[in-house]
Each structure stands twice: as structure tokens, then as C-alpha cells.
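In what follows, structures are represented as C-alpha cells.
Shared between the two complexes below is chain A, which has chain B as its partner in the first and chain C in the second.
And then the complex of A and B:
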């Protein structure tokens, strides 16, 4: 039986395009779902994925990965590996599971949208694998924390978080609704695969897998490695999509979509990865600071992508680079202060040795942020724990949904005015943490105007009773689920 | 007498807070209400009076807040007057 090499049949089997006779092209690819009409039908046929895989190869690869990863999990689940992990690292994985598991599952909708409404058969083929990938990522990242439930009941936030109104869940949900659940195929390719996956998560997962192995969390390390290899493949849908846009004179639209989502991705990363790398990961396992990671990996990666495709750096690039020195430090302090509102135990990460590391990596950290921790530390040492808890809400940005910390930017010399940025649209006041978040809203207000931040919900009476207890209940946090200091304040006593 | 939610920061702190004040409060009372959430929590106490600044203008401590005038979510800043 003759056996053809893949290159002899791949294009033919992949390019299943139709000439429609009973429906119009517009009816098959409505612009709202496809987002492809700037470019003509024929021009889209130039779309070609850089990394090719057949269905047979795909299934073989995935079975191998699943077999290896699940076997490892089965072996480790009988051990005491989790019990012996650093408490800060446990927070890293609890935060990760709650914030990422359901978005991975929802990303299958985004991939499926490209698989149906992408204008090239090659694209639809690649996205079909992407949809299968994301279903797998949702399932595997729900199953692994399920295995932790006996040891850590909050592992169930992998499923629960997105069904609550927890403020982190609101932020992540709003971001991913914007990025892929409520987005068209072209925008998903540029915003999910080109910007978030290629630019941020693919690199982050490489780093997280290495960190997990270093702290002894072989289970999480194997899980993340197994996911990363899928991401590396399906993330490549962005490159041929931006190439088709640019080759057909629509660079400006591609640039806008990337500028929009790069900032939003940065905000989410500062929250999740910034805190994990600089505060939660045990000091002895930190290979680089969050700032070094962004500079050496993310910026380098984007610089190459921008150069390769003739794209410009986003207009806010200088502000982004300045934020590397201060933004996530401020968010960390807020998350730790408001720790009952999250489902993991925030690690203060400010023992004397850790402060020394922070000062080395972020010269001036003690002057800018250490002084807040001096006050907090004194309260802990004198037993005034009540003063370390909040009695009101921080204001939240109407785009990123994160606490507005411009005041920290003033302390860091990045801003001159601590006041939130304001914009009135159709009689409603919106507050923003930054010029890029305000720009994202004002470019397409109809896309965002209906959403309410946690503060909007509080002020419009959706949270009852309107007090700390009411807020925690609204966020779905019973007392045992509320975050506590990860180390029982060991850091304050020189630990 | 009406409850008024405002956007507030305390000089030296790092986050904007939602603070509930009464529109009949004096600027001095509003400043103290902001300080309650910050001083001794993230900003070290000092032996100095706390004052209120709105749009860069320092407000007389006895001025009634609604006469500034102030609307919901207007931003004010409290600070140590040293």
C-alpha cells in the first residue's frame, strides 16, 4: 500500500473550502462573528499555519501527553508532596486554578468560533485542534485540583470561582469575555493567540513549570508543561492572521486590536504572575524577578514580533515599562490587606531576607513600598491584627476591574496625581486606573458600558447588607474559604 | 444630611478608597474618616493635623463638605499638614 508523505496530501485534505450557491458569503460568515470582511475572500486563502499537524498526529500526541501527566498525578497523589510544599507556592497554584481553569474551558468557545467563522479552511482546521486543546485544558485543570480537595478544600475554586462574584473572578471574566467569549474570529486570533498566548502565557507556562519542579511540585509542573506544548501550537494562529491583515492594507486595525489586548493582558499578568513570582514563590526558588521576566521574555518576544510584522510598539509603551517597577507591588499590598476577599492565602513575602531581595531587584522598594509594610509589621508584632484588615473597598477600574493604585504611581514618581481617571458616557461616570484602560473604554464604549465593577454593584445596592460581611458573602466566600496570611505572620517575626 | 460616597486617597498611601461621608460633614470630619482607613494601617501616624485637599486646593477645616461642592465619587485627598 503506497504511503504518501504528509506534504503530498496535507494541503489538499486541509483546504476544504466551499463555493456557496444557496447562501451568501455574508450569511455564512457574519461580520459580528467573523470580523474578517476588511479582507476579501480570496486574500484569506493565503492564511497558512507555521506548524502543521494532522488529526492522526494530534490524537497520538495528546494521548501520549495525557497518559504521562495523569500517571504522574496518580503516583504523586498517594504521596505527601502537597503537604510539604511551601505555603506561598500552595497559594500560587490555588490562585492559578481558580483564575485559569474556567477561562481555559471558555477559550474552547473562542477557538471554536475561529474554527467556524475563520475565513480560511487552514485556519479553521488549526482552530479545531485549538478547541480540542482548550477543552482538555479546562478538564485537566479541574481534575488536578479535585484531587487536592482532601488536603485543600479550596481546590474547588477551580470550578467555583467563575460562578461567583468574587472581585478577581469579575476581573478575569470581564477580560476573557472581551478577549474571546464575546469576540469575533479575527479579533480572537490577534488578541487571544497573538497577544495573550504567544506574548505572555506561553512564556509564563514555561517559567511556571520550571518553578514548580524547583519547589518540588512535580504534579503541577507536569500539568503546566503538558498544557504549554498545546499552547505553543495553537497560539500560532495569530501570526498568519496579522500577516493577512497587513498584506491587505489593514495594519492599523491589527495594531489597534493588539494595543487594546496587550494592556489588558499586562494588567492580568501583573495581578497573577507578578504576585506569584515576587512574593509567593519561595525565595530560594526564584530564578528571576517578575520585572526581569517581563523584560527578558515578554518584551523581547514582542519586540521580535513587532519587528517581524512591521508593527509599532503600543502608544503607551513607556508607561507600561515604567509600571514594571511599581504596579504589581501596589496590587500585592492591596491583595494582602484585603486577603479575606480572595480564595487563596496571600503570602506577604516581606521577611527581612525577602525585603533585601526586593530592594536588590527593585532599587527603592523599601522607600516606596517597604514603609507601608513597616506599619503593617508593627501592627502584627504588637498584636493589632485588626488594623491589618480593611473596613471599606478600594475603588475599581471600569476596564481592568482591579483596584486603582495611581497613588502608588505618585510615590514611585510615575504619576503626579493620585485621582482615578474619569469619563462620563451616556450620563454614567466611569473610573479608570490608567490612560490605556480609559482609552480602551472610550474607543468602543458600547462594548463595555453595560458592565458594573464591584464598586458599582456596591453603590447600586446589589450587595446586601452593604458591609464587610455582605461583601464577602456576595463574593461567595464563607469564613473557611477566606484568605489568611499564608505563613501565619512568620515574616513579621523575622521568619 | 445625605450619605455621599467619595473617592479618597491619603497622601503617602497607595490605593484609592471608597469612603462614605455625610454631605453635612465638615472637611475636618471627612479628613478624619479617610485617615481612619489608612493612618496606622499603611501610613505611619504623625503628630500633625490631617487636612483635606480637593483639586489641589486645601479646604478650610470647618467648611461643610457639600458646599465645596461635592458630588458622588468626586476625588479628595487627605494629608498631614506639617
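And then the complex of A and C:
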């Protein structure tokens, strides 16, 4: 082996900062792509990545990870493991592939934004590896569901979802475009790596990998845990970036970016992880409830991050904590009711034993959501399946793009008024699910104002015919792709 | 609304990126149609169409003069997925480590002529600034690329530049142990890059390259002109000079990096040929950009080549420039063919 170790020479590979002579600094780092002009050129040079890796180490480490993960896939794909998985768990991974594969790949563009427009060579080098990581995550999470196509055709949505106007795809696309594809380098570091990756996904992937192993899905477990090890490395770009901002008197801006994206991340988590953990994962494999996960892991993690950097809890913290008891239950109900509009089979997850678990984890669940499910259960038992489908489109929030479920919030005692929050900007009416979503919009309306929610599109005649059939076609769902109850309503009959 | 009764027919391949009856390769499975956002209406990304990054992409990507009806038809000749890229570079780094190990065992650096070390200090060690520009310019072309095949190849290329840069950093420290701490001093290398007259044409070309924001022009300037010129200069002409001066280690590391260059030039020329085949007007567009950037690239080589005369076993600056000119000429022929 070469004699010198990384620490002997590493600093000489990240000292390539200089003063431009033939062009201007502003022209090389335009503010709309860099987002760094609040802090001076020299001050950015303090940027120091906590986790250091050389190119040599990177390729040697990654080849081992890839070999392990792909070999496992090859071994398992010849087995009957997938066929024997719990139907709810199959929904977990189908939802995941459709909603997450493409954002992971898109994150390579966000990383490349930092690798070109970050203001320190150390940062640009770190983000170069980040860009490679995210190509890996996009590709591996496409390749695995591709291998499932013969058994599960809706693995197709790993590639297809973002080409459609499916409402979940719109919500996820709008979120991640805001977070890292159509964002500047500094904001990406704070919003993608500090807020989402460090605060949410790094923890979630650990938990999800453990759950996968527990339900017997070794392939998905190996995939997710392998991805998590990359995330843990490149997520660390957020810390030095917030440190530079704070050290140079721009804590308020950092706080704003984090407050903005913490709420949005929470919304996406409630949708994807909330449903997976509390309704889709088989009861016997649930280690904790979604609420416990957020309280014990995410909140704890953020409390440490906020403390370490002298940041404040977001101004809407109380509303966020209150939502832990009800919001994702309401979203679950909407998704299950509108099951033909999603590419997975929503698992109602309300068998007697599951309801008991829900009541234990969320005291009062039976009194609020349980009553709603009582009606659905009765309809199913009497064979009146048609009555379990809704007839009207729910209103959608103009920031998170998710259904506005404030009526459920009233039932849960969190809100007093079921009506959506309203805001008129330049003559157009916008609707919001919550004060934080409204706040996100009103802070920077030019960023969001021209975007249309699925309901806006319906009301302005973009969806035709303007009926359920038209909506499903607009969302790209052929009849066989449309979601059905995951267990064929077994839960309604005591199963 | 009712429960759908039909089962979805089995799928053999992606519904939107199949290849007819042919089976997709792994590369195609994980590359085709990933850039759903290129050409999307009313804007590539789901924010306000007038928001800054949407406008940037509409202007510099969708609005580039370099256009094709369908960029999805372009494929990286090396068909590199992430997995294959990493496996390839894992092997190449084992080779590079073996090269360094071999020369270190023979106490190579200590035996170098101090006059040659001075040339390394002035020409080779500050080159990490130049490779850094090629690295981040590649990551720019990648993020603006209209298809994932273009984006991924550009990202891998950017990582290759970081690879080259890190071996120079390694050598800076290593040489400093035998020939003086100044060789591993960042300020010294930076001062040469910023003030040495021999470096200024290269620095000017590279700083200006960072402002080529139109993706077509950025691709052409970087991948068909400036990078090929600097790669020919360092990985061919300077590698030869190193060998003539008894520095087999520098020569071999640069030639190893030249393997990456050959791979990157292959996709770049393939993309240029694809663009011309897709739309004949692209030939004129590419040629105009090549002609625009070529004087700066040749000037860069000309400035740096002055240092060749100072080597203990010198080579004429003209012959170094001729290597670069020939390489750019070959590239132009390849694109035309």
C-alpha cells in the first residue's frame, strides 16, 4: 500500500480556493444557484466536513457494499420470498419505490448543485461523492423493483410515477423540487442534508431496515441499510453549512430554512412512514408506533441538533406535536378511501387486534377514527363496497399538496374549525391545510404561486372528463394498476 | 367508483422505457427515461414556472441552441451504471496504488533531480486547481444534462477529476518529505496558480469556462475543447517529459489518469456525433463553440509549455503544444466521422 495515509495529504486536495481575476466571484456563484452571498468569501473557507473520505477509499468501500447488496438480491430473487410476504408489507415497499426512487436520483442533481455552487472546495468535493451516492440510490432502487416486475407489475411505478400526474407523485415531486432540485446550494445543505437526511431519513432507514428483516424481506432490508450508510456520510454537509451561517450572524436565515423544511418533511413522513408503520406493517413486526418513532428518535435527534447549534424549535412546534396523535390517521383514511388513486394496495389495518393496538398507542383512537372505520366495516360486512368509496374530491393544500383533513383535526380536538385556511395572492385564492403550510407560502409566494394542486387542475378544466374516471386517467392509473384493499377486506370479518 | 376486477398483466420490462422484444441491459434499466423533467410543461420543476431555478433550466437547458428531438437515444459507449463505474474504478485504484507502492519501495522521490522537482512544483502540483475546475464544470454539465445518460457520464467524469486531483495532493505531500515543505504548502501552489505568468492563460480559460452556463456550450467548451487540451498536455506531453527526466511515478500516475480521459472522450465524442445525427444544424453550432474556445485552450497549453524548457532534460514548448493541437484535431475528426 502507498505509504502516506489520507490525513497526510487530504488537506492538499481541498485547498483549491482562490481569488478570481478574469471573472467575478458573483458570476461564478450566482445567488440563485449558490444562496451563499449572505456570508463573505473568506468566511466560507471555514467549511469543514466532519466525515472525510478519499476517492480511493470511496470506490473501495462502495464496491464492497454493492457486491454484498446485489449478491443478496440475486440469491433472493430466485426464491419465493417475495410471494410469501405479508400483503401490507408489499404495499410498504411498492409505495416506497414509487415515491422515493426518483427523488433519490434527483438528489444527485441537488448534490451536484452543491458540488458546483458551494463556496468552499472542501464542500464541493464532499458533494461530489454525494452526487455519486444519489446516482447509486436512484439506480439501485430502480433495479430492485425492476426485478419484481414479473411478480408485481406495479414495481413499474419506480420509474413511471414521476412521469404521471398522480396526486402522490405531484406532492412528492413538489416537495423535493422545493427541497433540492430547484433550490440553491446553501438551502439544499440545510434543507436536504441537515433537516431531511440527518433529522428524518437516516433514522427512518435504520428502523425500516430492521422492520424489513423482521417481516422476512431480506432483499429490501439489505437495500435500505446499505443506502443508510451512504446517507449517514453525505448528510453531514448540513452541519458545517449551518455553522458557517451562525458564526457569521445569519442564524435567523438558517432557522427559517430549517423551519420551512422541517414542516414539509413532517408532512411527507406522515404520509409515507406514518401509514407504513401504523397500518401496513404486520402487527407482529411493529416495534414501535409512528408517534413513538417521531418522539423517541426524530424529536430527540432534532433537540440535539437544535441545542448543538443554538437553534430554536420551530415556531409551530406545539402544532406539530399535537399532530402526532391524529394527522397521519386522517391521511390514512383518505388514502384508503381513495385507494384506486394509488399504485399500491392500502392496508386498512383495522382488524380487531390492530384496533386494540391503535387504541393502546393512540388513546382515544376508537372514539375518533374508530367510529369512522365502524361505518366502513359495516358497509363491507353487508357487501356494500360501493359505499366505501368517496364521491367528492377532497380539497388539496397548495403547499404540501395533500388532502386538507382539518375536519379530522376538529374531531381529535386539535382544531376548532374544519375549513381550510385561505389566502389570496395577486387575485388567486390559495387553500392550506395548516398554519405552517400557509406560512411557507406567504413567506415566499413567488416561489410557489404559479403551481396548481390536483384540485386546481380539476377545477380549471385540465382534467377531462371531470369525473372519477377522468381523474384516474389523468393520474396515469390503468384499471389493473389501481389500488385495492390489501387483504381483500379480511380485517372487516375479524381476520 | 368500484373495485377494479382485473389483474394487471405481467410486465417484462418498464412500461415507459421498454425496448420492444429485446431485453433491457442493466445500464438501460437504471438510466433510460430518468429525466422526466426535461421539456416538461409549463416548467421542468413543480414550483412557480417563474421561480429562479425553473427559469435557469428553461433558459440554459431547454433553451440551449444544442437541441435534439430525443436525447434518450444517446447511450454512454461504456454503458456505465454506478455499480459498473465503482467496480471499474476500484480496480483502477488498486492498480494506481500498486504503481505508487512500487516506486516508493525504490525510494523514487528522493532520487529525483532537484531541478526536475522545481518543474513539478511549478507545473504539476498547482494543477490541482485546474483539475478542480474540470471537476466542478463536469458537475455543472451533469446537473443541466437533458438525459440521465448525459448526467451520469458527467458526474462520473467529475469524480474522475477529483481522483486525478487527489493523487496530485498525495504527491505534493510525498515530494515535500524528500525535497522541502514548500511543496506541500497550499499558499505556494496557490500563488503560482494565481500569479505565475505561465499559468495565466490556463487560469483565464478555466475561470471563463465556469461562466459557460448554456449546457450545450458548457458541454462543448469543457468536453470537446478545454478538458481535451489540458488532458493532452498533462497526460501525454507532460507524462513524456516526466519520463525523460527519470520520473516514472509521475508519468505512470498521469497515464493511469489518461485511461479515465479516454473513457470520457469516448462519451463526449459519441454525444457530439449523436447530436449531429439527430439534427444536422448541430454541426455548425458545435463547430462555432469549438472555434470560440479553441484559442483559449491552445493558449493555456502554450503558456504552460514554457515551463518545459526548464526541465533538466528539456522538451521544446512547441512540441508540447503540437501534442495538444494534434489531439484537438483528432477529436474534431472523430466528431465529423
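Assume the second predicted complex is superposed on the first by the 493 of 495 C-alpha atoms of A that agree within 3 Å, B and C clash if a C-alpha of one lies under 4 Å from a C-alpha of the other, contacts with A are read in each partner's own complex, and residues count from 1 in each chain.
Everything that follows uses one rule, which is that a residue touches a chain if its C-beta (ideal position, glycine included) is under 8 Å from a C-beta of that chain, and two chains touch if they have at least 3 such contacts.
Note that this is a predicted model, so its numbers are computed, not measured.
Colleague: I'd like to know which partner A:120 touches here: chain B for first, chain C for second, both or neither.
Modeller: neither
Colleague: In the overlaid three-chain picture, which partner chain does A:179 touch, first (chain B) or second (chain C), both, or neither?
Modeller: neither
Colleague: For A:371, using the defined touch cut-off, is the partner it touches chain B, chain C, both, or neither? Pick first, second, both or neither.
Modeller: first
Colleague: Would you sort A:39 into first (chain B), second (chain C), both or neither based on which partner it touches?
Modeller: Neither partner.
Colleague: Could you say whether A:440 touches chain B, chain C, both of them, or neither, answering first, second, both or neither?
Modeller: neither
Colleague: Would you sort A:112 into first (chain B), second (chain C), both or neither based on which partner it touches?
Modeller: Touch partner of A:112: chain C, not chain B.
Colleague: Quick one: chain B or chain C, who's touching more of chain A?
Modeller: C
Colleague: Applying the touch criterion given at the start, work out whether A:143 contacts chain B, chain C, both or neither, answering first, second, both or neither.
Modeller: A:143 contacts chain C only, not chain B.
Colleague: Could you say whether A:403 touches chain B, chain C, both of them, or neither, answering first, second, both or neither?
Modeller: Only chain B is touched by A:403; chain C is not.
Colleague: Identify the residues of chain A that lie in both the chain B contact region and the chain C contact region.
Modeller: Looking at chain A, the two contact sets intersect at 390-391.
Colleague: Considering only the defined contacts, which chain B positions touch chain A in the complex?
Modeller: Of all residues in chain B, those touching chain A are 5, 7, 9, 12-20, 36-37, 40-44, 72-73, 75, 77.
Colleague: Given the complex with chain B, which residues does chain A contribute to the contact?
Modeller: Touching chain B from chain A are residues 330, 333-334, 337, 369, 371-372, 374-376, 379, 387-388, 390-395, 403-408, 411, 418-420, 429, 431, 455, 458-459.
Colleague: Which residues of chain A touch chain C in their complex?
Modeller: The touching residues are 1-4, 8-13, 15-16, 18-23, 27-28, 32-33, 54-56, 59-60, 62-63, 66, 70, 102, 105, 108-109, 112-113, 115-116, 121, 124-125, 127-129, 131-132, 135-136, 138-140, 142-143, 146, 149-150, 153-156, 159-160, 162-163, 170, 173-174, 177-178, 181-184, 340, 385-386, 389-391, 446-451, 468, 478-482, 484-485.
Colleague: Once bound in the complex, which stretches of chain C touch chain A?
Modeller: By the definition above, chain C touches chain A via 1-4, 6-17, 26, 29-31, 33-34, 36-37, 42, 44-54, 56, 81-83, 85-87, 89-90, 93, 96-97, 100-101, 104, 128-129, 132, 135-137, 139-140, 142-143, 148, 151-152, 155-156, 158-159, 162-163, 165-166, 168-170, 172-174, 184, 186, 189-190, 193-194, 203-204, 207-208, 210-211.
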